[in-house]
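Right after this note come the structures.
Across the two complexes that follow, chain A remains constant while its partner is chain B and subsequently chain C.
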Partner chain A sequence: MVSVINTVDTSHEDMIHDAQMDYYGTRLATCSSDRSVKIFDVRNGGQILIADLRGHEGPVWQVAWAHPMYGNILASCSYDRKVIIWKEENGTWEKTYEYTGHDSSVNSVCWAPHDYGLILACGSSDGAISLLSYTGDGQWEVKKISNAHTIGCNAVSWAPAVVPGSLIEQPSGQKPNYIKRFASGGCDNLVKIWKEEDGQWKEEQKLEAHSDWVRDVAWAPSIGLPTSTIASCSQDGRVFIWTCDDASGNSWSPKLLHKFNDVVWHVSWSITANILAVSGGDNKVTLWKESVDGLWACISDVNKGQGGVSAVTEGQQNEQ
Partner chain B sequence: AWKLDCSPSDTSGGCLSCRYHKLIWGPHSMTAGERVSGVLIAGGENGNVILYDPAKIIAGDTEVIIAQKDKHTGPVRALDVNMFQTNLVASGANESEIYIWDLNNFATPMTPGVKTQPLEDISCIAWNRQVQHILASASPSGRATVWDLRKNEPIIKVSDHNNRMHCSGLAWHPDVATQMVLASEDDRLPVIQMWDLRFASSPLRVLESHTRGILAIAWSMADSELLLSCGKDAKILCSNPNTGEVLYELPTNTQWCFDIQWCPRNPAVLSAASFDGRISVYSIMGGSTDGLRQKQVDQLSSSFGNLDPFGTGQPLPPLQLPQQTAPQSVVLPLKKPPKWIRRPVGASFSFGGKLVTFENAKPQQQPGIEQQQQRHHVYVSQVVTEKEFLARSNQLQEAVQSEGFISYCQKKIDMAQADFEKNVWAFLKVNFEEDSRAKYLELLGYRKDDLRNKVNVPGSWACVKCFAAGGCICQRTIDVIIYMHCSLADVDGLITQALLTGNFESAVDLCLHDNRMADAIILAIAGGQDLLSRTQEKYFVKMQSKITRLITAVVTKNWKEIVQSCDLQNWREALAAVLTYARPDEFAALCDLLGNRLESEGDSLLQTQACLCYICAGNVEKLVACWTKAQDGNSPLSLQVGIAVKKEVGSNRWGSYGVQIK
Partner chain C sequence: MAQNLHRAWVQAERGDADVVRAAGTSFLLHFWAEEKGRQERRKGAVGKCAQGFLRPLTCQANLEANGVRAANCLAPCFAFFNSTTACCSGGQHEILVPSLDVRQGEPYSKSSAYRDQHYHRGYHPNLATSPPGQVHVFSPPRHAAGQPSLLLQYRESGLSSSGYELSQYIRDGADHCDTAFSESWSPAQGGGPSVSGLVPPKFSLPHRAVCFGAGGQLVLVCPHSPAEGQRPLVELHSLEVILHGTKEQEELQAFPGPLAREDLHKVDVMTFCQQKIATSCDLSTQRGRDSALLWKLLVLLCRQNGSMVGSDVAELLMQDRRHQEKYKRQNPMENPTRLAEDEWRQPGTLDLITGEVPPVVETQAQIVEKFTKLLYYGRKKDALLWAMRNQLWGHALFLSSKMDPRTYSWVFTSTLATNDPLQTLFQLMSGRIPQVAQSCGDAKWGDWRPHLAVLLSNKVGDMELNHRAIITMGDSLAGRGAVEAAHFCYLMADIPFGYFGVKADRMALLGSSHRQAFAQFASTEAIQRMEIFEYCQQLRQPKSFLLPFQVYKLLYASRLADHGLPAQALTYCEHIATVLLGQDPASHPVLAQQLVKLAERLKLCDPLLLEMPEQDQALEPEWLLQLRAHCQHWEVRSSPGVLPVSSLVVVLCPSGFPFCLLAMGHRAMGVSVWGSPLTELVLCFTLAARCPWALPCATLSSSLSRLSSGSLQAEDNLPPEVALTQPELSWVAASTPGTEGEQDQRLPA
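What follows is the complex of A and B.
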């Protein structure tokens, strides 16, 4: 069920911390402790190095591709407290903006849904989350949420764009009023949901279930249903799936996906939001899927690097 | 930066009659709930080990001692809690005394083995971080002994014979069970020695970053590459014991720190206690010094009993220092980020079911061997959750490319198991064929042919006109055979079927047969003029009432019929009808006809009335003939009539006649 179709030798000189494909799946961006960000063309199983971006002075933790309607834009965040936004102009990649407003390592960057414009959320170890919005002409506006998480913020993830009252016809030509939301996970063991109201960002919800640092949060893409789903993983080895049924976003209920034996570093949803990839300690990547009766089952075990398939037997299904 | 609340709580210690040399905080029975804040274990000056309940201290109780035991002969300088079995505490004092205390059974401690000779003070003691029954103890002479508690004897003794060091700190490697560091307080040898027990004749590595003796060390459990050390050179250094490199120098004041510890909960935070009575809290993750607070914790100092590590027994006077303004600057983080924020593995999905994964294999810890160049790979995988689905999708892809839609649908129809599926594919297939609408209709089950077939069942059908059962031999098309033997319920169904297939004729016939006259007529109107006329015909055939004939004639405008076949007694009505309805071109003929009939068929009375008809018709000859017959003599009257008529109609014509009569 999971078969490796391409092995990209990145030639990074140190640990890789993130690898993301762009919107169309044609390019791969990787970042590493060797302070570089590399972009590869991976069409048809190939791997051609397009760019080797240098500019960070410390390990680069995450990269994020912006929506292609804005051009080829990539954001990267690093231990050196900087967020750099790179853009491809006339075939060459260049630094288009550098943000240094954080006091400590910036751990996570995430682009907002393209409907909102070009907005980047950055979470840092100084506990603050900054939102960089492109206002045009090379100018970026910064909004900062200080003390979003005590001790530090480890991850940010945007909610998919939902038009409020979308059942009612919007007169054409009018820009709909979106309610912008994103989730963040921090070292205070909390997952927080933030909502923009009158141009200010306010903490809307505090989700408590983890007993140690929340390492990653991922808001599931929308598939048209009115429910919202967030996955969070933590240092305590647990992965929770949070669901909210009502549109107002007030009651979130957690469901434990699984308790792993090691730190869980990363969670990622598939495009159709039905499969969750969980990356945990000891280099294990597992794929989980929700069955019709609401139970989460591991559907595959991506073996260390080989991407080998081992269909998980029934007996290995999760214990709650 | 974050807030640190160090507001001192009421520290009324119970027995403060002795001074403490060492104080540690163990988590024993925290989870059990008995002691929510764990246990404070204190090593006293007089050789006693005292257990305090910190929860009670915080609450301000007077009775805070859980237990105490006066076992050691000299000051207890070394204490450590076993991280695997938190009820075990090791203590070390003078004369090589080491006791292992079980907090559950505090009265009787055990010893790890025979005392080491020569008898020396134990300055440090530490449990192994990987193996729970291994304990190490070190003496100021620089000798370290490693004990195995299962065997109850020392297994190895480590000492650097070449150099004399005053051991002030001992710590095990967090990850490697056989490695540990010893720190020296001796100003002539201010080093940290890294030992591996497998090779115990000389240290593996010697860190010589301090200029004066080292007072305390702390090895981070979260990242084995971070070893803190503080010394008499007033520096706090963070080094990597695996490589010997100094990673960081914490900005401190000029005070010597005698104790340094990592925060167990937050791996980036450490605390340092200095001789001026301060405890400082630092973070290696950087930040600004704005939020950093240094609290003067005199009360803690007093409960420590003015700890004097040199053991002179004299309380230290509190030092008055000039207030230093903290430099407003950004504290830089470590050059290399600590292990706990370095993400080693990840996976993310991409368009088309692709999964991008990366992992970083843990490097082999081979001391002394060059690290092999790590190949850092990223794997792109294809995730297929349902193989079957993929196969089908491929087939569809082919079909779309080759435009073989009809055959693809046909295949699907053949493969389909559920009826619903079959139907769906059949419909899709029709979509690609011509005349889709008719075929859709067929698929729905309404076939024009079906109706015909139903009709052809022998015995159940008979043509109304020729009454031939089964097939029909009259001119009518097979579509309009009327079902004769049918129950009422069926008729509805048949009418519906007929209508759904657009077969008005049949529907109308069915209605008529079922005596639904109104329905029939209405449908006929919708079915076109032709159908309407035929329906009218049939209707009239069916319905026979007195005035049916008249209605028929009015509708069909067939006056000839009326005139021809009416009852002569009703000749007046007939004539009236003709007068009202007849078209100008047929009017004369009709009146003529009526007249003829009256003459030929009627009685004498009626015959005379024929004249009137002839007048209407304008048929002069006949009129005269009739009139003459009617009147035998009585010429003058005839003449008068003739002249009158002449005047009426026109002189020319009558002229000749008038002569005749005369």
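What follows is the complex of A and C.
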């Protein structure tokens, strides 16, 4: 069966580096080496170009949608060291803020859970991570973690705003005490977890398992189940699933999802984290799911370029 | 190769700008030359990246190398170099050559050498580990000494590595010294603040970015190079189709949930249960049979609209017992009265009391006679035993009934095996918790079902005892790992469902132990089974919801959404919302919040939206609006904010409108202001998580705190100082971006 429901011709003039659906799955934002960011309305199989955003002067690596309660806001980051925040005002998209505080390529942007307000984390090749918080009246407050990753930071991803396990515990009526956290991965082969304490960002955990650059990290969304989960992938071809079961968030343990034969570029969770998509240097995308026994298995792979989908048989799984 | 590199870095160490430049160049050139050779051997089409930050660098290298294996590139490089130097002379622009500091634009010198080195280091962490400010000898990798450098390993092994990126660059530079790059990228084009330092780009080859969409899409970027004529496509796949045929999705699709649909017939539910018995219960094991029994119970409940009496269940318990178990006495009759039994056993011996020799075969009359005779001598217990041995049950019973109660019940039970269900019944009727309650689940005790059947069918006398006996039985079964059996008992005893986190609770999901790991506990099957049970309850009594269970419906909805079934997930969200709104949503705040989050994302997946006019599609369903309002209200109530908990206050503004301000505390999630029903003025706006609101809150709080939350009437005589002054009102308005207005929801007064 053909799984493609829509093929969007983006008209980008160079490689596309990221494509992100908005909160509702109705609009698609893409960014490219051609320095542009584009937004398409993809409802009902359509592909209407809503915006072609120009402002970057280098390849644009990543885009991120903010929660719609703040309006239609998109952040993008680029090799040109800039982070640009775009906003739709009266139907037109415009640049609303430009952050130029990094000394090198900005590789990753990620919005915090909306519960915390408008906060954007940005990871850069200069090794620093910036946190941009909207304080009203068009003002953004900047906090910077210098030297977060030696040589460079490749990815940032926020922890969900929910206390682990709180969904299934007996309700206490107490207001949960959210702690702001995010994960980052970098060229020092590390995944780090950062935690806000008294308004300051501190390194809480250093997760070591990869033997080469960490290419992507993705903190799993959560509806309040007991386990916190982070996926990380690396140049070394490995994908690790990091889990933490204790409420204090101190003991993280890695589980090797799989060792691929090539670099793994991306890891991405489904909207409530039941499925992990992994994309590697062989241009294959595989979907993984954890069984009730805690074992990760590939449940589907989407073949290179064809859009064809094949179910994974037992034999194939072992091969992988 | 390694020697060349080494030499280059030694040269660099001398610090002379020219030498350093040459060193960097030769380093790059060697690399490039090597790569060039490899490249030709490799696959023909290595992705040609167009961004080419390093291209000028390579050109520069080519220039300085003056034709060393790079003659074919020289001409275009010269052209490029001229253009960049031209830009550079403008003063503002930076030039992307290794011999210049890219930001300050100053000539390469010892002081700025770090920049370059940083850039080299950027290619791979193993290349340099020197502290800033020093150029150092090519340092050995941090891996075991004596091994060749990792970089070399990577190159020779052909593995991809971060270091390999450098080669990508240089290759690209060589490949792209044509017209393509000058139009696709020129650092001088921008004219504004210039491009970044020389770090490797995050991606230099096409790759497949991937993400999930809330509408059940999987978004995949085609790994194409538009610069080479491939189309820049992004594919949206249907997750439902991709996951078609997977075990997980089939399991979800087989279930007709949520079981609140109007079009649902209970036959569908019963059919589902029957299929579960047929497909997922291994009847050769006790656990499998127990599991099947739970499903059968659900079928029974469903058929009888949620009501049952003990005998119905007893029938169920006994129906598939193919053979009646034989309950054999394991021990010789225990004799609580310590009669010298053996003496009575041997017919033909002299009776010590009567002096007669008993006949071997006694007639009924003789037996009765002897019974009577024993009583003549006042030997009641002996007489009792005699009567029992000789089946004189009428005499035995009457006699014992006039003796002590213990003896009386012993008359029943001493003749039975301990695991005989009759024992269970008699023990219960004797006012004791039957022994089976503690012992069942043990292999030698046999099947637990007849015992439960007996307990259920004979609810007489002390109901509390009966109840306790069933619970004890469940506990014993649970302790021996027979979870389904235990839960069956608990259901019969009307044990309420509790929470996963509360280990003292006996059940959280029907048929699934909450003492195991969460993933195993909250299996899809367990949630489905539980929902059927809840459905059966509702057949008897509408709106009888199991509140602790609602979180599992949310979990189930999340699984549906992630397996490409968002529309069904949304119906679950609506169903849970209905349940919560019927109760106090504040009783389950986390559930309510997470439900709102998921429902918001899925709200456009409602198939009904397709039939609506477009302008209505943006409207949220009523249940979602209400639930969100409840969540916000709860946020306020439990927020340790600037204002006291009674933060609902009425403020008269100078224009006379009664306003209700909902102050949100220092973590201000939002502030809503709305008019009384009499006015048309409705202002709804949100202050996003920002501090400014805390300030006027603080100034007002002293006066406002005197008002209780009940004072919502406009006609209240409010102290004058409570009124918001016009400046304050305008402050509130000014500090609120108008665009956020529509996002917020009105709060019910």
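Keep this in mind: the second predicted complex is superposed on the first by the 300 of 320 C-alpha atoms of A that agree within 3 Å, B and C clash if a C-alpha of one lies under 4 Å from a C-alpha of the other, contacts with A are read in each partner's own complex, and residues count from 1 in each chain.
Here, contacts are C-beta pairs under 8 Å (C-beta built on N, C-alpha and C of every residue); 3 or more make two chains touch, one makes a residue touch a chain.
These numbers come from a predicted model, not from an experiment.
Participant: Sharing chain A, do chain B and chain C clash or fit in the superposition?
Facilitator: Aligned on chain A, chain B and chain C clash with each other.
Participant: If you stack the two complexes on chain A, which partner ends up touching A:Gly123: first (chain B), second (chain C), both, or neither?
Facilitator: In the superposed model, A:Gly123 contacts neither chain B nor chain C.
Participant: May I ask you to decide whether A:Gly185 touches chain B, chain C, both, or neither, giving the answer as first, second, both or neither?
Facilitator: neither
Participant: Figure out whether A:Val4 sits in contact with chain B (first) or chain C (second), or with both, or with neither.
Facilitator: In the superposition, A:Val4 touches chain B and chain C alike.
Participant: Quick one: classify A:Tyr70 as touching chain B (first), chain C (second), both or neither.
Facilitator: After superposing on A, A:Tyr70 lies in contact with chain C but is clear of chain B.
Participant: Regarding the shared-chain residue A:Thr135, is it in contact with chain B (first), chain C (second), both, or neither?
Facilitator: second
Participant: Tell me which of chain B and chain C touches more residues of chain A.
Facilitator: Counted on chain A, the partner with more touching residues turns out to be C.
Participant: Residues of chain A that sit at the chain B interface in one complex and at the chain C interface in the other, please.
Facilitator: 1-21, 23-25, 28, 30, 32-33, 42, 58-59, 61, 79, 81, 103-105, 107, 125-126, 150-152, 187, 265-266, 268-271, 275, 277, 279, 281, 283-285, 287, 289, 299-300, 302, 304-305, 307
Participant: Can you tell me which positions in chain B touch chain A when the two form their complex?
Facilitator: Residues 1-2, 266, 268, 285-288, 330, 333, 336-337, 341-361, 374-385, 387 of chain B touch chain A in their complex.
Participant: Across the complex, what residues on chain C touch chain A?
Facilitator: Residues of chain C touching chain A: 47, 49-51, 53, 103, 121-122, 125, 160-162, 184-185, 189-190, 192-197, 199-203, 205-227, 231-239, 241-246, 248, 498-502, 517-520, 522-523, 548, 551, 554-555, 558-559, 561-563, 566, 586-591, 593-594, 597-598, 600-601, 603-605, 635, 638-640, 669, 686-692, 735, 737, 739-740, 743-744.
Participant: Mind listing the chain A positions that touch chain B in their complex?
Facilitator: Touching chain B: residues 1-25, 28, 30, 32-33, 42, 58-59, 61, 79, 81, 103-105, 107, 125-127, 147, 150-152, 187, 215, 265-266, 268-271, 275, 277-281, 283-285, 287, 289, 299-300, 302, 304-305, 307 of chain A.
Participant: Could you please specify the touching residues of chain A with respect to chain C in the complex?
Facilitator: Chain A residues touching chain C: 1-21, 23-26, 28, 30, 32-34, 42, 57-59, 61, 68-71, 79-82, 89, 100, 102-105, 107, 115-118, 125-126, 134-137, 150-152, 154, 162-163, 165-171, 173-176, 187-189, 212-213, 223-227, 235, 262-263, 265-266, 268-275, 277, 279, 281, 283-285, 287, 289-290, 292-294, 299-300, 302, 304-305, 307, 309, 311.
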